[in-house]
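One chain, chain A, appears in both complexes that follow, with chain B as partner in the first and chain C in the second.
Then we have the complex of A and B:
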């Protein structure tokens, strides 16, 4: 009951914050210099025709209305699932956003799996073998991993694995002229995904390994670990059942943000590897003053963030029974 | 034609000699020692065959090839482009990205009027059986065009005059404007266009369907005379049966009209449907290539030869069976060529990329082809703003910049400098070389000269209002009793190497002359709003680049008509002498080269003095391509889509 009330309160809070942020976002983008109508018009046209087309386009986009009216129309349509009209692509936003979102999610899912498969065991091992040579090597490597800029690693990876030793393609999502379908198509895309996933994972592995290690070191210091060991439990059970479960809370926080981040494109990675995703679309939208696209994406991220916080709270209760939602 | 060929040869000889002379009047700073203004190629020589025989030859600049041109289409070519190909294949009005713009030209052919490799306007003899011109008493001009029998769409359906008339009506109609707000700007010069476009009339007065193979277009008197008036007779057909099924074209006394269920709703389905619409998935085309597939996730397009295509104006049919267009980045494009993931990179500029490409050429991995850009990078002045409303101030800024050094540093040596509003590939330039050397100011860097022109303009005071002396810093001028400083507000776009280089080369020199350059870096939309006076701030100058249209019409760009200010006249310049010099070009008949050249020279002279822009550089573009591509020959006015039809691949 208390959990239900808590969730209801959070839901109301989400709605409230959503509307406040939507007003702020809308106002900010409307105040940016640059005219979206002019950006979509051809300029090499007779002025009288240009002016006529300009006014018609402005009216079609609803930009001839006062800003508050534009906001009400936009938010009403948005809540109905109509995200507006892309001035860059001259198509409804929902028609242009699907493919980049799929590309971004695909890349991020593989990257996340790769990161967690490596970082969690590595973090646990380094915590258990704290101050060993292995631990120190991993510490140095992980620091390098998350402190070297992504674009440097990307260019290095391209040079080594695509140019010096041409194992993987330099860029793109699929091989030019490839006509395979089904599993063959998946394999082709997977081959193109290797380098971007590798580059995205380097930073993630670095940071999450250190998160897990620190959390595990704290947990391994606890009295209940000593008790578990003194009970004669196997070291694996002590580490993976007793210590790791108690080290999960900070890991849940990071994991939740990674899940939310599944939908956030990386401008740098997508641009270097020509992976057509949401990051690139966001930048193009901003540069072209394609506010419908940008606002739709921004509001999507707002909802994800707000919902992510609730999910995180719920996840805390699952990994630690001491945490109650009413608290 | 002969005269222009001679011009090209002369230009070749001239530039070779200029390059040999090193520091030259003409400002060429190219690294390419054998660079000619038209083209250069490293491919081996080819025997002439039928297909090439009628192609305008450029002799020393023509491509050399190592195999015979096949007689049936074969092979595949992967073209890398730094601009994404979008799924938008109707025309540039919907999507004017550079790649889509060109791809539309591959899909939609059979235009009645084309431009040759030399940039000459002419009717396409493959399409047009006969063109009759009549100048009417009311000042209008009528072109009556008879289409050749036997032309077909890619689905083998016959192509008739109705398809041409339909295109004219469709793309002028209010119904079409309802399809994603199509900007009906293609045929605005037609008599009665405004009434038809507004929906006041159902028939377009300036268009008539005469018979199944003949139609006419009448140009409004207000649009005449016009130097490029043959371009008014240019119409590209659209498949009536596909875009307006069940509709027909009917001719009336008031003009041609579309009968049947011709509504925006119908067009939204036939053109605007994102799966099957002609805009996204055109299946019935008449260009040299047809769309096979578009992959949205990788933004790759695959195109195949349209077997029904009757040929270019000189009878050439495409011989590369499959063409794939994919995106590349400037950082790794040369690596993609080396790895074989692309076969052709076109219009490469910038020293680093060019040097990397030349390394591949030296290693025998690739071939190259070079040509000069038909346009230039520039400092563009806002001539309505104080103090750049003064031509002396604009000239003084020009005297503060070593443009040859700028072009060399910016391009790595692969660029040239011009002194007027022209490109090195223009025949007018080639014919005027000596005249330009004698008559145009080259604005060599000269701070003393800058001080001199500023002093002559009244910038003689210092901050205290006393007479300006060297060392006083900023110059001031008494304007209606108010002391105004010589500050130049410069707006530039972020991440732009031209801005960065100007930022290192200009400020100190301008300071020495008594000016202060105040820079603001913004994104491009903000810069555009500054140029258009839409934003809160207006600036004195911007750095931009421009490409001349094949219908380059300076009379619009320097018109003093208020309506043109900020639109086509984006210098906001109100100068009667410049406007008159430009306007004098408009009425010269298209075939009167002598009169055109004289007026052009006068226009360049006035322009060079008024200096609404400072030309900074004109790139020497490089095409790099794999050894399998043969017969590749592009120029600034004969782009990669044109060259593609004439080239072939050896597998």
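Then we have the complex of A and C:
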């Protein structure tokens, strides 16, 4: 009951934040250089007719109305799923955005899985074998992992895996002229995905391993662990069930932030590997002054991070029933 | 001191009280000192401090000695591999040199027996393929990527780059004329014959030679640069071989009719007259016209490099002036009279009476050059300065905002807290990198370079304060319930006083640790922004935008120095800063060390 009320409160709050940010976005959108009316009009118009046509186009775009009305119109369209018209692709943004979004989500989900498969067991092992040589090595490697910027790792990965040993392709989502379908197509995309996923994962593995380790060490020091051990439980059960469950809260927090950052950070990685995703699309949109696309992209990121906040709260209650969702 | 005088009984009792700690330590160490000691003892953190200080000091101090003009580009020096030895005359030539000539990044020389030697960094492998049966050489000249030579049979030979007509030596030159002087330039070659006629071949688009009447057939000497060829006639007249009026045609008075030797740099002309004076005119951006006063009246022979001149004086010593970026203008004192000098690009050679070769100027690049011929090492130093400045100022901005917002919010509580925290949440909901990219793309369009850099700092600062604000708020919340705050309140200390004088010093450690870690993050973000072209832009260097041009597979494969060095310093700096931050945190909070 309480959880439900909290979530409702939280949801209302998110809507509030969303509107504030959307006003901010709209303000930025309005302050962009260039006259959208002139962009829509043909150049070869006679001067006499020009003013008339200009007014007509302005009216058609709704720019003759006061700014608040324009905002309300824009946000209603946004919420309906009408993100405007892309001048670069000459199609509605709604139709252009599908494939890149799929590609970005694909990339991020794979890196997420990859990071968890490595970081969580590694963190637990190093926590259990605290201060061993293995632990020390992992500590050093992880600090390097999260300190070195993604694009440097990308350059290194390209050098090693694409130039020295040409194993993986370095650009695009699929091989040019590739016609296979089904599983063959998936395999082709997977081959292209290896390097970006690898590069995106390094930073995540570095930081999440450290967080898992720290919170596991805290958990392993608790009295209930001693109790569990003295009960004669197997060490595996003690570590993976009793300790790990209690170590999850900080992990959930850092994971959510990392995930949101992952989507934002993939801008750089996508532009290096020419991965046809949202990040690359945003950069192209900015360079081509295709602002409808950019704005839609931005709103996507905002919704993503707001949703991330709520998911984090829900995840808290799931991993630890003691947490009450109130303040 | 009093404590030491107490009885052993008292000492024992005290030992028990402080839990086994020796009393000296207890008496001496303040919390800050404890933190400091613990930090000093942390090997990883100290290694981080050393690495970071080294990089920091290099970036601050070295640019003073290794200046670089950010706007300067030179395609002739593009993509030179790291290393030295461009001026290192081979041992077998050094003692019996006859003539030496400097090309873009390599040199060529001949010894007394007419054998040819090449050394330095070759822009094309064709330079290493010497033509067969060329016999003994009597004169050589090196250009951008080709070499021209004369052999004992008075034949002109060329090798190296053979495109743009560089290999098609004019036939008419061989009709009863003997070449006496040759010149290899930027994609063109020149030869002067004993009949006073000048021939040119190669790319004719770059330098258009037009002979004024009566000049061809009457040329005694000549020199050329990338724009123009200037001839010296048998009558001692200086004649620019062009129809256009340029800075080179403003010949000063007292030169015409008296000139004995001529040399060109890339921006000016210098002429030695029969009374030993040197006249220089043209542009003077690199100080190539600032002739030292003490050589006037003593000059005999002059040679010109890219932006410097070298002269032999009547006492057999050499003097040099002009651009001194690579030490070209520091002529060494040579212990013997000098027979001949040669200058080209950024280096100079002198040959003494004993046929010994001396050299000074650009010997190589420590970390190579980029695609615009800019020294990677010098840009790295400048870039480091920029990256660190941007990072530091961004952190200062974000820390100030964070401390103010977090401090007020934590201390006031209630509605203020609520509003401030909502604000914090809104800012932290903004997707960082995409938002920074958009802001920089929109604002950065219409502003100058400096404003752009300031804008990047402000954007980074304005977007990254929520983290620190939350932390400060948390610590202030804990601190404000302490007794000393109640006491301060009771004494009537003003609220601002309580926040900033009483509470803040207690949370300063948290702030410092966070600022350190944020510094690394800001450096990374700035680099990422610059890397994709939305941060600090060319010609200003940062570690991020130096890597921008290294994104293509060709660069990664062939010109490794262009991405390895910037990546390496960037990585080492951020790793060290993170190590320092971690070390500080461990030192301040001993509990975290047990982890």
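Please note the rule applied: the second predicted complex is superposed on the first by the 276 of 327 C-alpha atoms of A that agree within 3 Å, B and C clash if a C-alpha of one lies under 4 Å from a C-alpha of the other, contacts with A are read in each partner's own complex, and residues count from 1 in each chain.
The rule is simple: a residue touches a chain if its C-beta (ideal position, glycine included) is under 8 Å from a C-beta of that chain, and two chains touch if they have at least 3 such contacts.
All of these numbers come straight from a predicted model, not from anything done at the bench.
Of the two partner chains placed by the overlay, only chain C lies in contact with A:282; chain B stays clear of it.
In the superposition on chain A, A:174 contacts chain B only, with no contact to chain C. With both structures placed on the common chain, the touch criterion links A:150 to chain C but leaves chain B unconnected.
By the touch criterion defined above, A:72 lies against neither chain B nor chain C after alignment on the C-alpha atoms of chain A.
In the superposition on chain A, contact is made by A:271 with both chain B and chain C.
In the superposition on chain A, A:217 contacts chain C only, with no contact to chain B. By the touch criterion defined above, A:15 lies against neither chain B nor chain C after alignment on the C-alpha atoms of chain A.
Of the two partner chains placed around the shared chain by superposition, neither chain B nor chain C is touched by A:237. In the superposition on chain A, contact of A:162 is made with both chain B and chain C.
Touching of chain A by both chain B and chain C, each in its own complex, is seen for residues 32-33, 155, 158, 162-163, 170, 271-272, 286.
Residues 13, 17, 20-21, 28, 31-33, 130, 140, 143-144, 146-152, 155-156, 158-159, 162-163, 170, 213-214, 217-218, 260-261, 263-265, 267-268, 271-272, 279, 282-283, 286, 294, 297-298, 301-302, 304-306, 309 of chain A are the ones touching chain C in the complex. Chain A makes touch with chain B in their complex at residues 32-35, 38-39, 41-51, 53, 56-57, 60, 89-91, 95, 99, 102-103, 155, 158, 162-163, 166, 169-177, 189, 271-272, 274, 276, 286-289.
For chain B in complex with chain A, the residues that touch the partner chain are 76, 78, 84, 86, 88, 92-96, 177, 180-181, 183-185, 188, 274, 295-300, 302, 322, 324, 326-329, 331-332, 335-336, 338-339, 341-342, 522-526, 528-529, 532, 534-536, 549, 561, 563-564, 567-568. On the side of chain C, the complex with chain A involves touching residues 44, 422, 425-426, 429-435, 437-439, 441-442, 445-446, 520, 524, 527-528, 531-532, 534, 547, 550-551, 553, 556-557, 560, 563, 567, 570-571, 574-575, 577-579, 582, 592, 594-595.
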